[in-house]
Structure formats: C-alpha cells, structure tokens
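Paired with subunit B in one complex and with subunit C in the other, subunit A is shared by the two complexes that follow.
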Partner chain A sequence: MDSNFLYVLTGSVLLGAAAGAVGVFGLLRKNSLVGETVAHSMLPGIGMAFLLSGLKNSWILLLGSVVSGALSLVFVRWVRRFSGPRPDAALAIALSGFYGVGIVLLTFIQNRGTGDFSGLDHVLFGRAAAMVEEDVWVFGGLALVVLIMALVGHRSMGLVAFNPDFARSIGWPVRLYEAVMAALGILAIAAGIRAVGIVLMAALLVIPAATARYWTHRLGPTLVLSAVFGALGGALGTALSSTSASMPTGPLTVLSLCGLALLGIVLAPQRGLLSKMLKKHRKRLQSERENFIKVMVLCLEERPGTQTVPGSVLRKRMGLSAREYYRNVRRTVAAGWILPVVGGLKPTESGWTEGRRINRLHRLWEVYLNRKAGVPIDRVHESAEVIEHLLTPELERDILAELGLCEHYAPTVEIHVNAATGA
Partner chain B sequence: MSTDGWWVIGMGALVALLCAALGSFLYLRRLSMLGDAISHAVLPGIVLAYFVSGARESLGLLVGAAVFGLLVTYLIDWLTHKAGMQQDASIGLSFTLLFSLGIVMVSLWASRVDIDADCVLYGDIALLPFDTWSWGGRPMGPRHFAMLLGLDVLIGLLLWRGYKGMQLLAFDRVFAASTGMAVGLWHWLLMGGVSLATVFSFEAVGAILVVAFLVIPPAIGHLWSFGSLPRMLAVAMLSGVASSVLGYGLAVWLDSSIAACMSTAALLLYGMSWIFHPQRGGLALLLKKKRVPHAPMMGRMR
Partner chain C sequence: MNTPLIEAKSLTVRYHYKPVLWNIDCSLSAGRMIGIIGPNGSGKTTFLKTLMGLLKPDSGSVRLFGKEPKQVLERLSYVPQRESVDWDFPARVQDVVLMGRYRRSNLLGRLSKEDRRLADEAMDEVGLTEFAKRQIGELSGGQQQRVFLARAIARQPELFLMDEPFAGVDAATEDAILRLLARLRDKGRSVVIVHHDLQTAQRFFDELVLLRTRLIASGPTEQVLTPDHLDEAYGGRLSVLSRMGDLLQKSQLDWKERGINDSDHER
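Let's turn to the complex of A and B:
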C-alpha cells in the first residue's frame, strides 16, 4: 500500500468522524437538513475565493467556504424573519439560491478560461484521492480539532440542543453555545466536502448520527458511535473509489453509510426491526398461552368439583384445529401451567393462579368499561379479550380505585354472560 | 437576439411556470425540502430509463422518474413510521441514497448513457434548441419545448380541475380529511406532479436548480399574496417567468451557466421583495421610521 493512499485514508477517516460527531447535534435539534443547506451554500464561497486569489490553496478555499457557509446561516435567519416561520422553505431558498450563485461563478471561471480550474469540480462530488499531503494536514487537522471539541463539550452542548429554554433559565449563554455548535458544524462541513463533495455532504452529517441512535439512547455513546460510523463510511468510500479512476468518493461513501444504517435498522437491540418483531412474537405467544389457561380455568369453574378438562371440550370451545390445539398444549405445558393426565388436562398450582388472574382482569375491564365509559354490556367482551393480556398490577390497582372497589373484589362471572342469561 | 435565445427563454419560462405552480402548494404545506428530496431522488430513474431505452424522449423516462419520485416519498414514510427514524434524518438518508445510486450508475455506464455529471448539475438548456422535431414536414421547434408545453398543460389541467382539493389540502389537512376527501390520493397526485416536473426540468436546469424554481417563486408569491391563493399563484408564476428572462440576460452578460443565472435572478427578485414590500420591505420601514413587530402578516395564509 503506498503512502499517499494511507494519507488519504487517514484524512477521510478524520473527516468522517468529525462530521459524524457534529451531526448528532443537528439531529438532536431535529434540524439535520441544515447541513444540506450549509454544504451547498459553500459553493459560491469556494468560487469567489478562487476568483479573487487565483489560487487553489487549501487555506484560501477553506476560508471562502467557511465564510459563505456562515453567511447562508445568517440568510436563513433573515428569511425566517421576513417570510414567516417556515423553516423548510428558508432552508430550501438559501440552499438553491446560494448554490445557483455558486454555479454561476464556477461556469464564469470555466468559460473565462483563466487559472487552473481543474480540481475545483471535485468539490461537487468529492474526490478523496485528489487530496495531497498538505490537504490532509489542513483538513484532517481541522477535523481532529472539531472532533475533540465536540467530544469534550458534548454535555453542555447536548443540554442546549435538547432544551434551550431550560438552559436559558439556569443562566447559560445559550446563544454563545449555539454559535459554537454552528461554528463546529460549518468547520466540519468545510473540511468534509474535500472528501465527499458538496452535493452529498448532508449524508455524512445525518446518516451516522441517525444510525447511532438505533444502538444507544445516551448522548455520549451516541456521539462516539456516530463518529465511528462516520469514520467507517469515509474509509469504505475512499477505499472503494480508489479502485476506479472515474468513481467519485461521495456517492460510494453515502452507499457505505446507508449499509451501516441498514444494519442498525434491522439488527439493533430494542429499536431494531428484528428485535421489535421478536418482541411482538413473544407477546403473541404469551397471549396464546394465557388464553388457553384462561379458558381451561373457566371450564373448570363452570363445572364445580371437576379437576380435569377433556381435550375435546377445550378444542370445541376455543375453535382450534388439532394442530393448533397440540401446539397450545405443548407450550402451556412447557410454561408449567398444565399437566396432561388421564381424561384430559389439569392445571397446576401456578396454572390456576394464572388462569384466575386473567379471568379476573377480563371481568374487571368489562365492569370498568360498562360503569365508567358507559359501553353497553354486550359490547365489552371483545375489548376485554385484548386488554386482559396487557393490564399490569399497577393499572389493575388504578382501575379498582377508579371503580371504588376494594383490592379483593372478584367478579365471579363475565358480566355479559350475566346479562345474556338474565341472572 | 437569435431565435435560439428565444427558445431558451421560452423553455426556462415553461419550467418556471410548472415549478412555481406546484411549488406553491409544496410551500404552503411546508414540504419544500421534500421537493428538494424528490428532485435529487429521480436521478436513478432517469439514468435507468436512459440505459434501458437509450433515448431521451420516451415513456420509460416518465415512468422511471415517477416511480423513483414516489419511491423516495414512500421510503421517507417507511423510515419515519416503521423504522422509527426521525423525520428530518429519514429525508436526509433517502434522497442522498437514491442520488448516490444515480451518480454511481452514471459513472459506471458513462459510455453507454447519454447523460453525465455536468448535465446532472447544470442541465444543458443551451443545447436543447438544437434538438428539433418536425411534424408533417413542418419544423416545430425544439423537441423539449413541445414536451414541456405538454406537461405544463397537463399539470395546469390537474391544478385547475383539482384546485379546490389542493387548496383544502394545503390549508387544512384535517378538515379536508373530515369532509371525506381522498387526502392520500391528492397527496400522491401532488408528489407525482412534482416528480414529473422535476424530470422534465432536469434536462433543462439540472437536479439542484429545480429546487430554486420550486421554492423561490412561491416564496415571492407568498409575500405578495396578501391572503389570496390565486394571487399567490399568479405572482409566483409571473416572478418565475421574469426570472427566466432576467436570468438569460444575466447569463449572456456574464457568459455563464444559463440555468444557474435564472435561479440567481429568482434569488435577486426575492431580495427585491425585501426592499420594496409595502408592509415589511426596507423602504416601507424607512418611511414609517418604526420597526414593524415580527407578527403574522396574513392571517388567512398561515
């Protein structure tokens, strides 16, 4: 591996990490598309810097992009003040307006034919491989500074981003913090566009932060993870684009980041789709089990003195096919709630408790709906079938209190049955 | 000025009319950044259609673009509601993903697809007048002009027939739904219209400058509407046409990209509103010698 590639790789890793970390603050403020606007708005600054100085020096282009990025934020504020509170329109106006001016400048420079223009077009889609050693020092160093500042100041900036009103009320200089956050963002973007380009810079800010949020809820870890994802994306994009001469870095970086995001969306514990599906599945199994034992206990209560329920009675009452019935039995036995005995099934001690608990909750909900919500008695059953699996002991206590009943209140029969038989 | 110049201005005006009318409804519904997203996201559709059919004017182009325009809307919905991602982040992820796919395709198939990164960024409105067509032996002018005209008429009809629905949806979605109106259908119609408009404007002005036409003229229209939607639409469309004329002049003067100059002209017109607006403009404020508090200007328009 040649040393220039190592330089470039280091540069992209740093740029990705810095943008990833800074992007978290934008995400927290539910304003992550502002990065899109700032990035696009840097184009006229770059063009102007080149036009005025005639140089492609990293520092001068950086200065130009920072100045016009900051101007775009000021412009967004003005538009909001003037055109009313339409944040999205303000962002879109600044984005397209500044970008248009930038393209005017670039084509003007191109058509005038002065100066060595080549390489400026890399700012649009990014060309990490075009970075020379000096670029890596300038932009990588800048990214490192931004990264360190974001990590060091994340607690206070996180508070300001989460709840500016509270921060103001305890006497913090909120505007100063916001200015620092904006400055960090602008610097990270100005550095990052060297690697991914203006057009797709928003992705480097938004995607790592959004991905990190799948894996953790806490701010510190979010910041670190987001930086790691950003770095990974930068490295993958650079490595992939170095395999082909015509492939810009930006799109490949974005695709790598999206791959990482997909991993998070699917696999993350708690918030991931897979774990959500698993949770739903477990809940369904639990409901099935509870329904089974509930009906069994009901059957036994209706025939005092019996200890076992024949399988055929249960099957008919629950409307189960042979296969479903077998599955239910297997699972309920595994839960330790029933025992298969001669002549049918018999609830164990815990089975009795569980079945009674579910029946009680079912009836309690029916009483509650009927008395408090005024639902007619013949319509309460379906809702109770669902809610009986969800009521926690705390909710149960609340319902009892609401109904003005003591803790040991136990309606013995489902009330809609009562109504139907006129008992 | 040459005839080509007039054709270019004409095409710019048609793009501006189209985008201003649709953009006004996006603007009122606070979906301007969604317009940005759609304008980026149709790229893979366009590239795929070019690749499959090899021609510029094809039904495939329409279908491809409409599909991807609706796909990005769907993807944003899915990420927000099914995958639990914050909405701004899901917009950011969706359109950068699709746009990147488009750029990768362009780079991979550069030799086989008649479209390049420059066209994606600036469009090539200056070249379009040379692609002419004739009908029954009579020259009918640039092909793209005719296509744009057709789309303008189509979208115009849609907005004219569906004006009430669009208006209701723009101002009070909940009420609209409560009247039994098919809110979802109107939403998709608007998004479909924006996708089509983006595709057709794409060749003329490029991906990102479409956004300028989608948002800046409506913003001007909103400022000068004084509470009336028809006036907002009229001002938006007028300022769109004015910016394409002005922009062409600017481009000739500076020898620069025509499309970019048109969007710069739109920005300038918006800036003029800052000065000349009768209630909030700089001149009015100077004359009144008193700062108008930042308060809702148009009760009905909010």
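Let's turn to the complex of A and C:
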C-alpha cells in the first residue's frame, strides 16, 4: 500500500467523522437543509479564491469556502427577516443563488483556460485521491479540531438543541452556542467537500446521524456512533474509488453510508425492522397461548367440578385444525400453564391464574365499552378479544376507577352472553 | 413593606409589530399560586416569557424580586409547554432532569455528585425514579410533563414559571402536580402558571391575572372571576384594540417614539 493512499484514507476518515458528529446537531435542530445550503454556497467562494489568488493552495481554497459558506448563512438570516414564517424559502434562494454564481464562476475559469485548473472540477463530486499530503494536514487537522469540539461541548449544545427557551431561562448563552454550532458546521462542511464534493455533502451530514439514532437513544453515544459511521463511510468511499482512476469519491461514500444505514434500519435493537418483527411475533405467540388457556378455563368454569378438558372439546370450541391444536398444546405446556393428563388437558396453578386473568380483562373491557363508550352489548366482544392481551395493570386500575368499581371486581360472565340469554 | 414578587409597569410587548400585550400594570406578591388566564392569543405565554426576559418589552418594564429579570434567573425555574420540544430527542429522563442543574458558571455542563443527588430527589418527588433510564419519547404525556417539572425542581428555585402544565395530562398527573405545587407553596415558593381552563382555575389558584392583550383584572381569584370580567375577556366582539393591533402590524411602525421611554422604574 503506498503512503499517499494511507494519507488519503486518514484524511477521509477524519473528514467523515467530523461531518458525522456535527451532523447530529443539524438533525436534532431539524435544520439539516441548512447544511445542504452551506455546502452549495461554498462553490462561488472556491471559485473566487482561485480567481483572485491564481493558486490551488489548500488554505486559500478553505478560506474562500468558509467565507462564502458563512455569507450564505448571513444572507439566509437577512431574507428571513422579510419573508417571515417561510424559513425554507430563504434556504432555497440562498442555495440556488450561490450555487448558480459558483457554476458561472467555474465555467468562466474553465473557458479562460489559463492556470492549473485540475482539481477544481473535483469540488462538485469529490475526489479524495486527489488530496495531497498538505491537504490532509490542513483538512484532516481542521476536521479533528471540529470533532473534538463537538464531543467536548455536546452537553451544552444538546441543551440548546433540545430546548432553547429553557436554556435562555437559565441564562445559558444560547446565541453563543448557536454561533459555535454554525461555525463547526461550516468548518466540517468546508473540510468534507474535499472528500465527497459539494453536491453530496449533505449526505455525509445527515445519513450517519440518522443511522446512529437507530442504535442508541442517548446524546453522547449518538454523537460517537455518528462520527464512527461517518468515518467508515469516508474510508469505504475512498477505498472503493481508488480502485478506478475516474471514480468520484462522493457517490461511493454516499453509497457506503446508505449501506450502513440499511444495516441499522434492519438490525438495530428496538427500532430496527428485525427487532420489530420479532416483537410482533412474540406478541402473537403470547396471544395464542393466552387464548388457549382462556378458553380452557372457560370450559372448566362452565362445568363446575370438572378438572380436565378433553382435547376434542377444545379443538371444536376454538375451531383449530389438529396441527394447530398440537402446536398450541406444546407451547402452552412449555409455558407451564397446562399438563396433559388422562382424558385431556388440565391447567396448572399458574394456568388457572392466567386464564382467569385474561377472562377478567375481557369482561372488564366489555363492561367499560358498554357503559362508558356506549357501545351496544352485541358489539363489544370483538375488540375485547384483542384488548384482553394488551391491557396493562395500570390501565386496568384506571378502568376500574372510572367505572367506580373496587379493585377486586370480577365480572363473571361476558356481557354479550348476558344479553343473548336475556340474563 | 417587602418588594413584590412580580411588578409590571405599562408593559407593552409586540410580535411582528403587533402588540400582544398592551400596557399591562400589575403587581403580584410572593408565596402564592398565581394563574395567568385568558382566551387563546391573549398574550399569556408572552407575558410569562417577558417576565423572565426571554422576550424584550417594547416599552414599560418588568421587575422580578425588585430586579431586572436577567439578574435573578438563578432564582427561578421555567417549565415550558410540553409540545414546545421534540420528545424524540436522544435523551433519557435523568439527562433532561439534570439539565436543571446546568449553570452559567459551568458552560460545558459538567455535573457534580450534588447535582446528581438533587436530580434524583426531584425525580423521586414527581414519581419518576423508576423511569430514570427511559428514553423520554417512550413516556406518556403526563410523565413527560413530570419530567419538565422535575427539571424545574432540581434547580431549587424560589419561583416557578409554568406554561400550561395541565394541558393534555391525565387526572392522576394533574393531581400529582397540584399536590406538589401546594407543597412547594407551603415551603414559601411562588408559582405562576399559564392556564387555559376556567373551570379549574377557581380551584387551583389563589390569585389570577386575566389577560386579553390588555389586563382585564388581577388579584384574588374570586375578585377576578366575575361575570363582568369574564365577559370582557371572552366576549366575542372584536375590540378596537385588536383592530388597532392589526393596523400596526400592517404599518410596521416602530413603537418607541422619541421622548417616550420607560423611566418609571428609575425612581
């Protein structure tokens, strides 16, 4: 591996990490679009810097992009004072206006045909491999500073992002922190466009942050993870683009980031698709078990004195196929709720408790619907079939309280049965 | 005798050139539960925000504990409207409560053992201890409201300023909040609450400030809640004042004229 590649890789990792960390604040403050605007607005600055100096020096181009990025934010503020409650309009004007000027400048430079123009064209889609050692020191160093500041100040800036009014009420310098966040954003973008280019810079700000939110619900870890994802995206994009001379880094970085995001969307605990499906599946199994034991206890309550229910009775009552029936038996036995005995099935102690509990919740919900929501008696049964598996003890308590019933109230019969029999 | 808790003198606040509060004069004393009531858009929240200096008066002035609001921020706690923040924010209950311990003298938000203890106490006081490590987005509306309350308590202030703490909470939370507030008041703390429900206002508050852009009445609850006052506040007719407000908004004229200033307080 040649040493230049290592430089470039280090640079991309740092740029990605800084953008990832800073992007979290943008996402939390719901102004990710501002990052997009700032990135596009850097184009005229880069063009001007090159035109005025005639040099492709990293410092000069950086200065140009930072100045025009900052100017775009000033412009946005200024437009917002007149356009009133339409913040996105101001952003759109700034983005397209600055970008337009930038393209004009770039075309002008190109047509002039003088000076060493190569490299400026990479500004749009990024070409990490075009970074030379000096670039890596300048942009990588800058990115490192931004990353450290974001990590050190994350609590304070988090407060401002979460609840600015409260922050002001405790005398917190909200303006100062807003300025710091804007400055960090501008610097991270100015550095990041070296790797991914202006057009796709927003992805480097938004995707890592959004992905990190899948894996954690704390601010500190969100920041760290987002930086890690940004770094990974940068590294992958650079490595992939180095395989071919004409591959731009930006799109490949963005594709890598999308891959990481997809992993999060599918695999993340709690919020991920897989975990959600698993949860749903477990809930379904639980409902099935609860239904089985519920019907069993019902059968037994209807014939006082009996201790076992013949399988055929259960199957017929629940309308189960033989396969479904044996699956239910297996799972309910595994839960420790029933015992297979001679002549059928017999609930265990915990089985009795569980079955009675479900029946009680079923009936309670029916009573509640009928008395409090005015649902006719013959319509209450169906929703109770679902609700019985969901009612939490707190809700049960509230329902009892609202019905003015004591805690041990247990309706003994489903009320739609009452209505049907006229009891 | 002692300085009033809150004193407003010919206070006018405008938003986008339109007066939201118009010439408010009132004086409220400490150790009470004070409700700010009035119809929608009557300037209740604006009044609260102006009290703690979040909004600047266009003319007139506010004094808290006899001082400029900015000078006494350490002595008050603000409980914003629950809907004013995004509850999907990556934070746990204890993280938000600990925000109440942030100080201007500590801009990176580092926290001491004492800070953590006070936050734990505050969570205990509102019954959130078992939720300390939960993500705030998983909580019910009432629990979220109690998170804000705990954050305010953790600051250990003399004055609580709350914006609609009873909006959208269940009866249990409402009772919990009320009991807690009464306890705070018994300890000599003062509570100012923006409230929209007239039915409960009578029950909750010792004193009321009834607003409809201008001050309709302020004082002991039973003296404020008279049919005349309520008719004035909630009556449907568009008052000259609000029509004038619309005119001002259209004209975009600045409020402060030469020769008019708020020298009232420089006694």
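FYI, the second predicted complex is superposed on the first by the 423 of 423 C-alpha atoms of A that agree within 3 Å, B and C clash if a C-alpha of one lies under 4 Å from a C-alpha of the other, contacts with A are read in each partner's own complex, and residues count from 1 in each chain.
The criterion applied here is as follows: a contact is a pair of C-beta atoms (placed from the backbone, for glycine too) under 8 Å apart; a residue touches a chain by one contact, two chains touch by 3 or more.
Values in this document were obtained by computation on a predicted structure and should not be read as measured data.
The wider contact with subunit A, measured as residues touched, comes from B rather than the other of subunit B and subunit C. In the superposition on chain A, A:Lys30 contacts both subunit B and subunit C. Shared-chain residue A:Gly404: touches no atom of subunit B or subunit C. Of the two partner chains placed by the overlay, only subunit C lies in contact with A:Leu159; subunit B stays clear of it.
In the superposed model, A:Ser169 lies in contact with subunit C only, and not with subunit B. Touch criterion not met for A:Gly374: it reaches neither subunit B nor subunit C. Once the two complexes are overlaid on the shared chain, A:Gly305 sits clear of subunit B and of subunit C alike. After overlaying the two complexes on the shared chain, residue contacts for A:Pro393 are found with neither subunit B nor subunit C.
In the superposition on chain A, A:Ala203 makes contact with subunit B only, not with subunit C.
Touch criterion met: A:Leu95 reaches subunit B, while subunit C stays clear of it.
Put simply, subunit A uses residues 30, 84, 213 to touch subunit B in one complex and subunit C in the other. Only residues 27, 30-36, 79, 82-93, 96-97, 99-101, 103-104, 107-108, 110, 117, 121-122, 208-209, 211-212, 214-216, 218-219, 222-223, 250, 254-257, 259-264, 266-267, 270, 274, 280, 294, 296-297, 302 of subunit B touch subunit A when the two sit together in their complex. Of all residues in subunit A, those touching subunit B in their complex are 27, 30-33, 35-36, 40, 78-79, 81-84, 86, 88-89, 91-93, 95-97, 99-108, 111-112, 124-125, 199-200, 202-203, 205-207, 209-210, 213, 244, 246-248, 250-252, 254-255, 258, 261, 265, 271, 273. Across the complex, subunit A is touched by residues 16, 49, 52-54, 70, 73-74, 76-78, 80, 84-86, 89-92, 95-96, 99-100, 102-104, 107-110, 135, 137, 151, 155, 161, 170, 172 of subunit C. Taken together, the subunit A residues at the contact with subunit C in this complex read 28, 30, 84, 152-153, 155-156, 158-159, 161-163, 165-166, 168-173, 213, 216-219, 221-222, 398.
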